[in-house]
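Chain naming follows the written order as A, B, C and D, and within any one chain the residues start at number 1.
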Amino acid sequence: MPLPAEFHDIAKRVNNWGRWGAADEIGTLNLITDEIVRVAAGTVRSGRRIPLALPLRQDGVQTGMIPGRVNPLRTMVALNLEMFGPGTVATNDDIVTMGLQAATHWDGLAHVSHSGRIYNGRPAGTVTAHAGAAFSGIATMTTLTSRGVLLDVARARDLDRLPGGHAVTPGDLDAAEELARTTVRAGDIVLIRTGQMQVYLAGDPQGYAFPSPGLSLRTPEWFHARDVAAVANDTLTFEIFPPEVEDLWLPVHALDLVEMGMPQGQNWNLEALSQACAEAGRYEFLLDATPEPFVGAAGSPVAPVAVL
Amino acid sequence: MPLPAEFHDIAKRVNNWGRWGAADEIGTLNLITDEIVRVAAGTVRSGRRIPLALPLRQDGVQTGMIPGRVNPLRTMVALNLEMFGPGTVATNDDIVTMGLQAATHWDGLAHVSHSGRIYNGRPAGTVTAHAGAAFSGIATMTTLTSRGVLLDVARARDLDRLPGGHAVTPGDLDAAEELARTTVRAGDIVLIRTGQMQVYLAGDPQGYAFPSPGLSLRTPEWFHARDVAAVANDTLTFEIFPPEVEDLWLPVHALDLVEMGMPQGQNWNLEALSQACAEAGRYEFLLDATPEPFVGAAGSPVAPVAVL
Amino acid sequence: MPLPAEFHDIAKRVNNWGRWGAADEIGTLNLITDEIVRVAAGTVRSGRRIPLALPLRQDGVQTGMIPGRVNPLRTMVALNLEMFGPGTVATNDDIVTMGLQAATHWDGLAHVSHSGRIYNGRPAGTVTAHAGAAFSGIATMTTLTSRGVLLDVARARDLDRLPGGHAVTPGDLDAAEELARTTVRAGDIVLIRTGQMQVYLAGDPQGYAFPSPGLSLRTPEWFHARDVAAVANDTLTFEIFPPEVEDLWLPVHALDLVEMGMPQGQNWNLEALSQACAEAGRYEFLLDATPEPFVGAAGSPVAPVAVL
Amino acid sequence: MPLPAEFHDIAKRVNNWGRWGAADEIGTLNLITDEIVRVAAGTVRSGRRIPLALPLRQDGVQTGMIPGRVNPLRTMVALNLEMFGPGTVATNDDIVTMGLQAATHWDGLAHVSHSGRIYNGRPAGTVTAHAGAAFSGIATMTTLTSRGVLLDVARARDLDRLPGGHAVTPGDLDAAEELARTTVRAGDIVLIRTGQMQVYLAGDPQGYAFPSPGLSLRTPEWFHARDVAAVANDTLTFEIFPPEVEDLWLPVHALDLVEMGMPQGQNWNLEALSQACAEAGRYEFLLDATPEPFVGAAGSPVAPVAVL
C-alpha cells in the first residue's frame, strides 16, 4: 500500500536532500557548527553531570516485540585468569551480543527507507547484508555534541507521564519550550520527555513498549522550522504507537530520518534530568551523545551525558 | 610466582583503598567534582570537536593475540524489511558481537586482580561468570567527563612515534607536560600519545600489537602524585609490552586499576588530536569519554570526544 | 543448605566414579560397545527415519526463565554477495548466537556439580570461564549412536500427555517398557515421552516450561540397574519441576550427571516417533544423537535421528 | 562478467529443476529412500563408529579469508552457579557465537545462487536478511542418513595428500572407486579424501585454506550420472582453489547446489576414517550426517558419524 498524500505533502515541506550537497551523509548534523558548540559549552553553570543511558543488561527494554533486536547478553571470556602463570596479575574480560538499537540508542539515517530511498535520495539497496549502510552508516556521525534542550512535555502538562494514547503535538512542544524558558534554535539536540520510561523502571517492559505516547506526525515540521540537529525521547518507538493514522506506520521515522536526515534517539532515561532541570530552573545544557562508530550500522547504543 | 617486592613497594605508595570509603566502587573518578567540570567547560575556545575512537569493524585491532577478545562482527537482522506490508516504511536493524575491550575502550576497575583482590580490597571472586563484577563494574562509572590534557610524548621527543621498545617514563611525561604548557592537576583525564596507532592505521595490526611502547612501571606514582582521574593512550597493551621487568606481567594494570582505582583507556586514536592541539598551541580541552553502561562489565567501548 | 540424606543414599547406590578408571571422562557412554552398535544396526526394519530435533529459531522454547540460555539468533553475513564481481556466483552465509542448551540438546557431564564435584570426583573448579570444562566437556563424547528405545509413558498410561505435576516413576517406566515389548538393556539410549512437547508445539512456551512433568528422583536407580547409556525426554527441565521434595532442586541432574556420569537430553520432540512406533508396533530403533563437538562445553545442540 | 558457455553447457546436463516437482526444496536428498537406508544399515559389520567432525573451538579452520565466517566462540553464562542457594546443585551453562559454515558443515542448497536463481529456479531474492532462505533452508533437510562411501583419492593415488594445485577429476574418482571395491550408486553420500586436512591438523590453517586441492569442474557430471545424494570432503573450499578456469569462481558450488540441488560438505576430517577403511578393506558404511535444523540457514555445522 503506497504512503498517503498527507505523508508526501509533509515530506516535501521538510525535505533536506541536496541541502548539504549530493555527497552528504550526515544531514542535520551539518547544522552543528564549532560556534554553536562553543556557545553550548558556555551553558554549563554548575558542572553537574546527568547520565541519560539505561543500564545495559539482559533484562533490558526489549520484549521480543521487535524480532532480532535482542537485549545485551554479556559473558566472560576470562575470569580471574592468571594468563602468565600462578600468582601473576589476573584478568577479567568480556564480550557482548546485542541489538545496536536494543537499549538507549540513536537511529542512524540508514535505519529506515521509504519508496525505495534513504536520506539524500540514495537507493535503499545501498544497505547490504555484508557491509551494512554504504552511506549514512552511524560511524559517519563522528561526533554528536551540542546544546541540549529538554522539552519536558509531561511536566509542562502537569502530568507524571503522558498516557499511552497521547500523540505529542506541536502545541505540546510549544508548552514545554515555554516551561524551558529558552528558544529552540539551529543545531540544538532536543530531548522530549513523555515520562513513559517510568513504566519500564517500574518493572513493566511490556507496558512500556506498547501502547506508547510519542511524537505526532505533525512534529517533523516543528523541528524542521527550527533546524534542530537531533531529537531523542524516553520511549521505545519514538513516535506514537500504534500510529495516529490507520495503516500509516512509522511516518515520523520516515520524515525525520529519510526526508530531513535528522537522527532520532530512543529509550533515553530523562527522569533524573527532568528533576535536575526543574531544580535548576534551566532546561539547556551541554550534551555529549556521540554514537559508537559501528561502520555501516543502522544505529548505535549511546551513553549521553548532560552537563548542567 | 609471587609479585616482586619492587611491585609491592610501589603498590603501597599509590594505594587508594578506603580513601573514598569502604563502599566506594569508582576510585579516582571521585576526584572529578562539579567544580572541576565547570572549569573544564571553560577550556573550550573554538568549539572544534575531535573524535578519538577507532571505527568499529571486523578488521579492527584484535589479531587473536588475546583469546576471546573478538573484533566487532555486526550483522543485519532486518534489511529493507517492510514489516507492515508492501510499500510501507522499511527498516534496517543490526546486532553485534564484540569484545568489550576489543576496540577503543576503558578498562574498568574490575578488569584485573592481583593477590586475590580487586580495587578497594574486595575479593577477586566477587567477579563471577553469570553476573560479572558485583563491584566496580563499568556501569558504576556513570559519567566520565572532565578536563582532558594531551601529553604528546612522541611530539615532545620530536619523534613520529616512539619505537616498540620504549617505556614511557616520568621524564617523558614531564617533557610532554612542558610542551602542553599546562599543569596536570586533580581530576584530569590524561591522554598519552606514543604514535603507535600509526602502525595499525598503516595496515599492520600485528606490528601495532607487539612489540609496543607503553607506560613504564614508574608512571603510576606520577599519576598518583597529581591525583589524575583517568589515563588513556594509543596502544593495545597500555603499558610497555613485553614488560620492562622479566616475568612481571601487567604491573601497570595492577597498580592503576587495583591499587589506585584509576581506569585505563586503550586503542585511542590520538593522531588528529595531536595535530589539532599543535595547531591551536593548546593541549587542554573538555573531554567526554563516558563508557557504555554494561552492568557488571570489566570494560566498555567508548567514543570519546575532545572539544577544543 | 546441604543436600539431604535421602539424596546421598541414592547417590551412593548409583555412583560410577572410578568404574571406568580415574581418567575416564565419558561415564556411561563406555557401555556402548561396537557389538551393541552392531546389534543396534540390526534393529532397522523399514529404513524410515524420524528426526527428533526442534527447529532452531528465535521463537524457540526459551522464555527467559533460565538466564542467559538464549534462543538461536541467526543472521546473514553475506546475502547474494557477488564476492568475485558482478555476474559471478553469489553466496549466502550466516552466523548464529545461541545457548548450547537452548533447544534440543544433551547435557554434558560437566553441566552440573554438587558438593564441589563433577563426575568422577573431579573438582567443580576444573570448569573455568576461559576454557570451559577441562574434563568431561561435551566434545569428549565423540559419538553417541546406539540402540534407542522409546518408553512412551503417556501412551502407556493412555494419556495424550502427562499433567504438569506428574513425576515419572519407576512404575511408569515399567509400564512403558511393557508397551514397548522389549527389555531395556546395557548401552541403550532411552527416550521417555511425557507428551509435554505438545504444549510448546501448541504455541505456549511458558506452559511448556513450567510446571512440567518429568523424571522422579526415584528413576536414576532404574537406569543404573539396567546400565543405560543415556536418557532423553520431551521437557525443558528433564526432571519434574518444581521438584518433588521441597528445596531439593535438580536432584536428578545431580544423580545422573555427577554420580552416574550419564548424559541427559532435553527438549526432544518425540511426537512423530511415538506415532511411528505405535504404527510399527516396535519401540526399538537405531539412534544417532551425536553432539556437536564444542570443546569444553557443558552441553550441545543435537539433531537426533531414529532409524526404524 | 557473465558465466562462460562452458559452465552453462555442464549446467544443462546436470540440472534437476522440476525433477521432484516445482515445490521441492531438498533436491538430491529425495534419492534417499527408506529402502536405501534399510540396505545401508546392513553395511554395518563391526559396529565401530568413526566421528568426522573437527572440534569446535576458537582456533578452528577459519583464518579471516572468508569475511564474517567466524570460528566458534563459546562462553559461560553460568559457572558453578548455585542458582537455588548455597550448597545446592550448581550449574554450568554456555552460549556460542559462530559461523554456521565455519567448521565441519553442510552447505545447504540456498548457500549460493547464480544468474539470479537458487535451486529449482527460485529467485535469489527469496533469501532475505530477516528470515534467511524462504526455500531450501538447511532445516528442510530433516535427516541426512544413508550409505556412505569413502573415495580415498589420496590413497588411490598413493599419496599422503594431494598437492595444493590438484583438481580432483573423474579419473581420480574412478580410481578411488576401484580402491573402494564398491560401485557408487543412487542415494549414496560420497566422502572424498584429499588429505588436505593434515595441513590444518599440523597447525597451519593458512596453508590448509589456500591453495587447496579440491573437486574439478568436471566432477558434477560424475555425481549426477550416479545420482549421488550428497558429497563432502576434507577441504575448506570443497572445489579446487584458486579455480581451474580463470575468473570462473565457485563453479562446482553453482553446479552442485543450484543446478543439481545436491548438498556439499566441507572441513570433514576423513583421516581416521581412511585408516579404518583401509584396515577393514571396506569403504562403505552407514553414515549419519544430519544437519542442525537452523530455520532459513544457508548451512549448518554437522557431527557426522560413520558406522562400519
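We adopt the following convention: contacts are C-beta pairs under 8 Å (C-beta built on N, C-alpha and C of every residue); 3 or more make two chains touch, one makes a residue touch a chain.
What you see is a predicted model, and the numbers here were worked out from it, not measured in a lab.
Engineer: Going by the touch criterion stated earlier, list every chain that contacts subunit B and also contacts subunit C.
Structural biologist: Expected: A, D.
Engineer: Over half shared or under half: which fits the residue numbers at the contact of copies subunit A and subunit D, same or different?
Structural biologist: Same-residue interface.
Engineer: I'd like the Å distance between the centres of subunit A and subunit D, where a centre is the mean of that chain's Cα atoms.
Structural biologist: Result: the chain centres lie 45 Å from each other.
Engineer: Centre to centre, by mean C-alpha position, how many angstrom separate subunit A and subunit B?
Structural biologist: Going by mean C-alpha positions, subunit A sits 26 Å from subunit B.
Engineer: By residue number and range, which residues of subunit D touch two or more other chains?
Structural biologist: Answer for subunit D, listing residues that touch two or more other chains: 67-68, 70, 73, 75-79, 95, 97, 128-130.
Engineer: Think of each chain as a node with edges to the chains it touches; is that a line, ring, star, complete or other?
Structural biologist: complete
Engineer: Considering only the defined contacts, which subunit B positions touch subunit C in the complex?
Structural biologist: 67-68, 73, 75-77, 79, 95, 97, 129-130
Engineer: Which residues, counting only subunit A, touch subunit B once they are in their complex?
Structural biologist: Per the touch definition, subunit A meets subunit B at residues 1-3, 33-42, 44-51, 53-57, 66-70, 72, 74-80, 83-101, 110-114, 124-125, 127-129, 132-133, 139, 142-143, 145, 247, 249-251, 253-254, 286, 288, 290-299, 301, 303, 305, 307.
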